[in-house]
Amino acid sequence: MTMTRRYVQDLQDGETIEEVFLLVDKQLRANRNADLYLLATMRDKTGIINGLMWNVSEESMAQISAGDHVQIKGKVQLYQGSLQVIVTRITKVASDNLDPEDFQPTSSQNVSELLEQLKSRLLGIDDPQLRSLMECFLIDEDLMDSFSRAPAGVKAHHAYQGGLLEHVVRLMEMAWRIGDLYPEVDTNLLLAGVFLHDLGKVREMAFEGAFTYTDEGQLIGHLVIGVEMINEKVAEVEKLTNEPFPVETALRLKHLVLSHHGQYDYGSPKLPMTPEAIALHHLDNFDAKVHEFARSIEDDPNTDSHWTPFSPRLDRKLFKGAN
Amino acid sequence: MTMTRRYVQDLQDGETIEEVFLLVDKQLRANRNADLYLLATMRDKTGIINGLMWNVSEESMAQISAGDHVQIKGKVQLYQGSLQVIVTRITKVASDNLDPEDFQPTSSQNVSELLEQLKSRLLGIDDPQLRSLMECFLIDEDLMDSFSRAPAGVKAHHAYQGGLLEHVVRLMEMAWRIGDLYPEVDTNLLLAGVFLHDLGKVREMAFEGAFTYTDEGQLIGHLVIGVEMINEKVAEVEKLTNEPFPVETALRLKHLVLSHHGQYDYGSPKLPMTPEAIALHHLDNFDAKVHEFARSIEDDPNTDSHWTPFSPRLDRKLFKGAN
Amino acid sequence: MTMTRRYVQDLQDGETIEEVFLLVDKQLRANRNADLYLLATMRDKTGIINGLMWNVSEESMAQISAGDHVQIKGKVQLYQGSLQVIVTRITKVASDNLDPEDFQPTSSQNVSELLEQLKSRLLGIDDPQLRSLMECFLIDEDLMDSFSRAPAGVKAHHAYQGGLLEHVVRLMEMAWRIGDLYPEVDTNLLLAGVFLHDLGKVREMAFEGAFTYTDEGQLIGHLVIGVEMINEKVAEVEKLTNEPFPVETALRLKHLVLSHHGQYDYGSPKLPMTPEAIALHHLDNFDAKVHEFARSIEDDPNTDSHWTPFSPRLDRKLFKGAN
Amino acid sequence: MTMTRRYVQDLQDGETIEEVFLLVDKQLRANRNADLYLLATMRDKTGIINGLMWNVSEESMAQISAGDHVQIKGKVQLYQGSLQVIVTRITKVASDNLDPEDFQPTSSQNVSELLEQLKSRLLGIDDPQLRSLMECFLIDEDLMDSFSRAPAGVKAHHAYQGGLLEHVVRLMEMAWRIGDLYPEVDTNLLLAGVFLHDLGKVREMAFEGAFTYTDEGQLIGHLVIGVEMINEKVAEVEKLTNEPFPVETALRLKHLVLSHHGQYDYGSPKLPMTPEAIALHHLDNFDAKVHEFARSIEDDPNTDSHWTPFSPRLDRKLFKGAN
Amino acid sequence: MTMTRRYVQDLQDGETIEEVFLLVDKQLRANRNADLYLLATMRDKTGIINGLMWNVSEESMAQISAGDHVQIKGKVQLYQGSLQVIVTRITKVASDNLDPEDFQPTSSQNVSELLEQLKSRLLGIDDPQLRSLMECFLIDEDLMDSFSRAPAGVKAHHAYQGGLLEHVVRLMEMAWRIGDLYPEVDTNLLLAGVFLHDLGKVREMAFEGAFTYTDEGQLIGHLVIGVEMINEKVAEVEKLTNEPFPVETALRLKHLVLSHHGQYDYGSPKLPMTPEAIALHHLDNFDAKVHEFARSIEDDPNTDSHWTPFSPRLDRKLFKGAN
Amino acid sequence: MTMTRRYVQDLQDGETIEEVFLLVDKQLRANRNADLYLLATMRDKTGIINGLMWNVSEESMAQISAGDHVQIKGKVQLYQGSLQVIVTRITKVASDNLDPEDFQPTSSQNVSELLEQLKSRLLGIDDPQLRSLMECFLIDEDLMDSFSRAPAGVKAHHAYQGGLLEHVVRLMEMAWRIGDLYPEVDTNLLLAGVFLHDLGKVREMAFEGAFTYTDEGQLIGHLVIGVEMINEKVAEVEKLTNEPFPVETALRLKHLVLSHHGQYDYGSPKLPMTPEAIALHHLDNFDAKVHEFARSIEDDPNTDSHWTPFSPRLDRKLFKGAN
């Protein structure tokens, strides 16, 4: 093993590498000549990279499984805009001497600080019943633990543990700062809605190994799961406080969650019909789009052009600048 | 009061009328000259009709309220394809001597027979856990009572108590009869899905007086309300049977409800992703469209043309035939 | 030749094979190095499979042609979700000793039984003039022969002779069974429409060898061809019966055919404007979609996931179940 | 009766009028007070105008019928951008002393000259079989008579007898003049396609009295009717010439007709797939749109603004100019 | 004249009124009986209201013109959700004794304070060339004067002088406050873009009397006009500073203006392709939508329902709350 | 070097070649085995072709650069419908003895003749101010030189110098010939609009080496650049003539340019709102579509089928004919 770890994010086109990674996924595939090759998805805390190993046999590859730590030897290359490793040797290694932190992708920001910021904003809500409901969520340790480790989405490249928390805290901060510019929006409700809008992703995605959708996630979706979670916590807060939670507030919260995608086309079963709901939708949209633009520009490995490659998802190229 | 009741469905353009109706809605409006007129929505068990009374005062109209039985005198006329009454006198009458059955719009079919047919199909489900869940719904008397009285929709003209039940039983019959033609569809699940798909309408609509949407109905919608109802009954059946209800079956039922509108555009947050879900969507669609075509042709009061008037909703005229 | 025939539907990933197939299509292609390879489409009565043979010459391949029976030797492999054969030898064999039935893809159901079912439903129509028209179609042996052998579509995988007949008979059965639930739909017309709606496919597709579109099919389409066929048979029935066929019935039948795709987008030049037309459209849609869902789930060779791969055509994954 | 006829096109807002018109349509309607009024659609050769007569009785109006010539007295007024007449007296007059030409709306151009121009272009086609087919249409006197009197569409305002002929001849002239700029387009086929593309309108519309759609027109449409007409004439020309008409030419002609709306959305069951078909579609579109723009600007009675009123059909206002 | 002015915003359904307003527009129209009535659009600094006066003559109305101050007597009434006045007398009054401030609709906020805030943000830009360009705009007194008086749009109801300035300053404040949350967005460029994005409205609209579009506004639009204004000021700043303005900065500014509607559908000829452009689009959208929701809820005069009337523009009702 | 030059347009599948081309673009790429290969884009005056050279090293390829003339040796092959060269040797050659004309792609028509035709049409405009403006463009030699060399678009295959000029002259000829058929269209304005509509492409594209979009082209687009060019020339003509250019004419010209794509979707910020604008849009569309159809049919190298391959861009196959 190398003395100084070579992280995924630092790999360069053309370098040879010998390093340990966590094997996230392992597939044997046949090429057109019916020869087998290995497609290995590997990661460390800084990112995910694919490895290809030609002409392998099922027997030789039987010794490694997804979830193992593996030491690989190979050559890094740029292929269709992404780096990959052409692997010449792959072996399982014992996990005992490895630092688990090296292989956990995490938010670039400090999770506990972000959590504190979140709690402080939610506990600053001055509607006592709404604040009590928020507390019911915050004291659910399993939930908050999952929430802190959830990625913002399942797409391999930019999915990292803590990504959802980062997104939510940034939205909450924005909502807080501009509150006085929009007195017609109830900031209490908006802050609660920011917290709840994507909470269902905790059950929509499995994010222990590779990030994937759960069956529940695909059949029901995080919007409706979010409503189920609100129902559970409303029942809890009513037990705790021994008084009914206001029906209209509960409806408004569920509506915030169900409508936050803003359009039927994007899977919202209801259009936003309150000022808070339309505000939440547009804040969420602003953050997602600005983030995606900035990331696409930063991540473009190509330095010859003023423009990123055409992105089918965004339906455009982005301007990186001429200077 | 007339000896033989003159029902809404029998009224003719041009006739003078003196009859008692249930006042469903009462509005005072100003015309362009700032004179007030009354717009009264009235019904009996056979239908709904609007009444207009010119040059009224707020005081004189203060004596009648929505929910009252009123005796009106006036002249029936055809206006833009619908009948209405030009009212010359309107007075409140006591409800004591009136037969409530005369004013309840109901299904043209016998409700208790339809309910029996529904129960028999659901109790014929041979998956014991799914059947137990169905029983939990069927023994909830308040729910089944509401379900039996719910209209299929809120639109005034074709909304009648029992309309939802009729629709559901017709779908269930169809699903039952064609089951063997589609062995790849699980008939048990499909029958349960037919029963549950619109059940949330019981809370989406208020159908005691006039039919309107509830706040919950507009903010959350009958699809998500349906999921909440499944969650409640699954908890009940688990208590009753003292064993867990199968997670996958519950997910499949919720998915049936959430996806039955078939497209994001129509407010489904999920596309149908199981054979039962796509079957339910298309059966529902078939029934709704064939029913609407037939009704539009039957209800067209105009006998001069082979064609109905252009329907903006259907985006077409319908052919009534040349013979 | 092997003693027991190895059918396409029974082939397994990884097996070596030596068997005779019907060569449906033969293409020589150059790879990036300008070397030629053979892409052979082969079939027997159970299905279609592609074969690839590397580094061939035009000369060596000149001895085989589409339509020949060929004996191939090779290895079966799974490639991007479909099985294919890497061929190492291919030779033409005489057809004399082969059983033609082994190479004719046919409906899984008995064609003559299906034809009987079809006839019996059409001859049960109680409008005498409409029934006479149906008879004119049924006694046209060439037409009925083509109709019995037509696939439901040209897509290689699920196209088999008799597929169209299966689809039509299933629709007819469904229309028949639910007739009494929809008294407002004229069952006579609907049954005739079910028979006629895709009849133009007999000229739209060439289905003797591989299934392809004819020039007429692409330039005119099976909807308008269907109208032309109605015109021809109406002329015949008028000659036979020596009385005019009712104009309105002919118009209604043509309208059923022209509108059965239900929307302009799907190539219908007219929207359905009669109860029978809307019913036909939705029955056709129900059958097509339920069939496609069921087939996509059955045909998925991948057993690791609860989900099929994403289908661009359906714009979704399908749930195969967790059990 | 006035000495000098006062034509529809010359009427002015505010003038009083006493003149004879052809009664195209007569409707009795009830206003909100259940009083009857007459809505009369009247025309002369220069245009169509509506008349309203208040407080009439069914009896008094029984003496006039659509198709009669009527003398009316009333006042012209501008109402929502169109002129109408408030009628104070209406009586039937004998047709004997009237000049039928005064009441026939016709093309502003000479019909027989246009017909000559059409014939000369079609007989100039140098493919003998195609020219023979064109002759079969041209010698069908009933057909050519209807064709010469057909309007370009049914919309009351700009529908006039001869409108279709004008449109077709203008297109043919354009196709002829630019032929050498596009050598890749077969001018023979294009000229034939120009002639045939809207020919089905002869049966799609009834244009003897008011212009309306026929049942056949609404259920089948002029595109498919056009194909039926081609089939009939191809059979005729084969009989006449005693040789088969070329199959491909017939397919290309039918394709020209079926695809000329250019998109599925506009009711074409096939997209244009030949150079002639795409050319015909765009020529037709050019003529229709330029004509509609010019007409909307000319016909705008409002002189205060540089802009026409917003046209929902065009989804825009048009600029009439500041000078 | 009343002692205390009765402002438009304080008028109540049913009150009688005698007050002076500025006549913004005057139209004489004919009703169905050909009688003339006056439709007068009147305003004071708090809003705009329509007045109707029945049975007027052209002569009697010739004494008043748009732009006059008029004293009217009449009765206020609610008609289809808006207040209007049924006028019984209208006379021109001299402007001498009137306070012009009473009739100027203005922003609810202090224009000069808003202007100061705008200037301070723009002069805080730390790119010297961009700041110089901003100064060129700020020292153009005519331009800044128009900009301060421009409404945000032409729709009568919410158009008031200063509306555009309010919108721009609110956006600028928001951009400023969240700048550090999005370090990947160049705040200098974004602030300049916020200032420039709607600047072309100064020429797109005429806002001296009633607010209308100019010919230039309709033919070219405020996006392209904005580009023309940037070109003019870039030429000025180059003359002033005697050095070329950076080409890329100018392109980025023009792109910000041209793409700020975010989609081709909304009239942007270019999609946002820089982080600043996507940020500007979404901020603009957020502000517009939240504002519209809040305003629709506030302005709804109907107090019986928890919901606003259906808004075709928003394609939904809005929830005002049950409390 | 061969005696008779072998041009790109004459190359055949399978031939070996040794010829000199202009190297337009040079890319080194890694295949899946991390081996490098060269992708070379080469051209002569008749077309563009790609060359592939396997297993190269960065060092060996350092001797050639885009812009060089290179002699290559290799074998031509058809790959996925296009010809390419598998290169076995590539070397730089001196340009001294080469005829530059051999490597300049140019219009198939004579550029100077086309320019004369353009000038003659524009100088035939009889509105003196508009003609003066046209002269200002025509005397700008740099501009006209660029205009003459601009391709109609950047797509490699059909981009050739002079393509834009050809397109514009063909449109102008068409506009001229049909002028008298549409007297409601101002031919002067239309001719000027035809000339100006794509003029901005001169700055939108860089067409000296390979054809690419400029930054300005992508951020602003040729429509808005065209408006900027009109503004510049209007300023010039005002200086030259010492009188103001008519405001409305300038607006109409800018509107012609901005609206010529006809729909928001296609990047026009304004819909056509004058007869000339709608005419220009449809002429442009006609020419583009007919040209594309004809070219797709001509260029299809496959001779086995009556149909071109499916074109995703056109969303259809094209019929090449059965004969």
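Lettered A, B, C, D, E and F in written order, each chain numbered from 1.
By definition in this document, a residue touches a chain if its C-beta (ideal position, glycine included) is under 8 Å from a C-beta of that chain, and two chains touch if they have at least 3 such contacts.
Note that the structure is a prediction, hence the values are computed from the model and not measured.
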Least hop count linking subunit B to subunit F through chains in contact: 2
Any chain in contact with subunit A as well as subunit B: C, E
Chain copies touching (subunit A, subunit F) - same or different residues, decided at half shared: different
Contact-richer chain pair [A-E vs D-E]: A-E
Approximate Å spacing (C-alpha centroids) for the pair subunit C, subunit F: 45
Interchain centroid distance [CA atoms averaged], subunit A/subunit D, Å: 62
Euclidean distance of C-alpha centroids - subunit D vs subunit F, Å: 41
For subunit F, residues contacting two or more additional chains: 215, 218-219, 248, 252, 255, 273, 317, 319, 322
Arrangement of touching chains [line / ring / star / complete / other]: other
In contact (per the touch rule at the top): chain pairs: A-B, A-C, A-E, A-F, B-C, B-D, B-E, C-D, C-F, D-E, D-F, E-F
Complex contact set, residues of subunit D against subunit F: 170, 173-174, 177-178, 181-182, 184-185, 248, 252, 255, 271-275, 278-279, 282-283, 285-286, 289-290, 293-294, 297-298, 315-319, 321-323
Subunit D residues within the subunit E interface of the complex: 52, 54, 75, 77-79, 86, 306-307, 317, 319, 322
Contacting residues of subunit E [partner subunit F, same complex]: 215-216, 218-221, 223-224, 227-228, 231, 248, 251-252, 254-255, 258, 264-270, 273
Touch list for subunit A against partner subunit C, complex: 30, 32-34, 215, 218-219
